[in-house]
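Quick one: this structure, given as structure tokens, is what I'll be asking you about.
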Amino acid sequence: MVRIEFLGPIQKPAIEMEAASLAEVAKTLQQDPELKPWLDNSAVAVNDTLVSGLETPLKDGDKVSLLPPVCGG
Amino acid sequence: MVRIEFLGPIQKPAIEMEAASLAEVAKTLQQDPELKPWLDNSAVAVNDTLVSGLETPLKDGDKVSLLPPVCGG
Amino acid sequence: MLELYDGALDVPALLKRWYEEEAQSNYGAYIPFVGTVRDENGIDGLSFDIYEPILIRWFDDWQASASEREAKLKMAHSRGDVLTHESSYIAAVFSPKRRVALEMIDAFVEDFKASAPIWKYDLIDGKRVYADDRSTAISGSGILAGGAQ
Amino acid sequence: MLELYDGALDVPALLKRWYEEEAQSNYGAYIPFVGTVRDENGIDGLSFDIYEPILIRWFDDWQASASEREAKLKMAHSRGDVLTHESSYIAAVFSPKRRVALEMIDAFVEDFKASAPIWKYDLIDGKRVYADDRSTAISGSGILAGGAQ
């Protein structure tokens, strides 16, 4: 199981799913119409490291975070 | 009479002279060998306004200041 | 050094403490950037969410690159609500040389705005409204959306 | 606002007072630049001469141009002796917008270094030694020297 966390304004509780890669996570999340706009503009971190592609393999216990557009300061 | 003031590190007391223009002031100051290096690298103000040429006319009571290289901060 | 506070920052106290912490470190330049909540668009203030694990990594990477230039960074940010005319953000650079300090405070603050995992909300009539119009997608966003990227 | 002091600046007090003076002015960014005397080249400190009439004009010109961008400048500088690890200079910009503030603090500090009528001396064994190697001729210098200019 991997845990998917939605940060900041996404306002959605974390979910857990079976997934061996980010590509599988993407496929599942794309089925949620509410999430669609956030998928377009969110960055992704695996275990708190930002990733730049879907090839990242996932293992049991990994954490995937969605980071929507930011504005600190 | 115009008054010539030497600022900062020039360490020379002010002098007074008759001069109708900055060109005349320049001619007099150039005769002082001690001043030679300072003339090369000093800016000039007339009545506390920096000037960029020698054509500035002078009148009785004017103040000419020599400003050597600066380093505030 | 990264410091997070609930609510508004005590700016004079932070600026003083940071100055005194580095008073004997032989830095020639100290440049703090202080961000204050402006009274505009009828807001009562702003509110902030922070995701600390990634913020800390982002800050540590910056500290390492500052260190290569013999400089040091400090930063403080608010969590939760900060009312208008209160301050929510201070970034500061210490450096032996002024050019390094002037360039670094600019680059640091701009990268902070573009990359730091902090989300801003307007406080309007007691509600938090996500400031999407002022927010920036982190570089590399959109990989989960599928299709052309 | 331009403030001149005999000896070292009380940095925390100045940063605090300036912050509080503008707390209700609706500026979003406050960037002070603090210059501190480094312990180097065996000096005991630095010493400064200031020619106030031209410094005031220079500062007023800058304030006018800041004002056109809705910004405000403050500056404090020391006269006379300032020992190592003490501070001799603070420049600060307040602006509604961070880009204006970041660009202005850089341009202001650099022009200050190149143009402000202040002379610096190293304090070595109780003597003042003109820091000619670190000084910059003001733009337009040399007109009294005659010959090609």
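Just so it is clear, A, B, C and D label the chains in written order, and each chain counts residues from 1 on its own.
The rule we apply is simple: contacts are C-beta pairs under 8 Å (C-beta built on N, C-alpha and C of every residue); 3 or more make two chains touch, one makes a residue touch a chain.
Bear in mind that the values here come from a model prediction, so they are computed numbers and not experimental data.
Chain centres were defined as the mean of their Cα atoms; on that basis the chain farthest from chain D turns out to be A. For this pair, chain A with chain B, the centres built from the Cα atoms lie 71 Å apart. With each centre defined as the average position of its C-alpha atoms, the distance from chain A to chain C rounds to 24 Å. Remark: chain B and chain C have CA centroids separated by 49 Å (rounded to whole angstrom). Chain D has its Cα centroid 26 Å from the Cα centroid of chain C. Residue positions 35, 98, 109, 113 of chain C are each in touch with at least two other chains. For chain B, the set of residues touching two or more other chains reads 73.
Every pair of chains that touch is listed here: A-C, B-D, C-D. By the touch rule above, chain C contacts chain A in their complex via residues 35, 48-51, 53-54, 57, 77, 88-89, 109, 112-121, 130-132, 134-146. If you check the complex, the residues on chain D that touch chain C are 11-12, 15-16, 19-20, 23-24, 26-40, 85, 96, 98, 101-102, 105-106, 109-110, 113. Touching chain D in their complex are the following residues of chain B: 7-9, 22, 25-27, 29-30, 36, 39-45, 48-54, 65-73.
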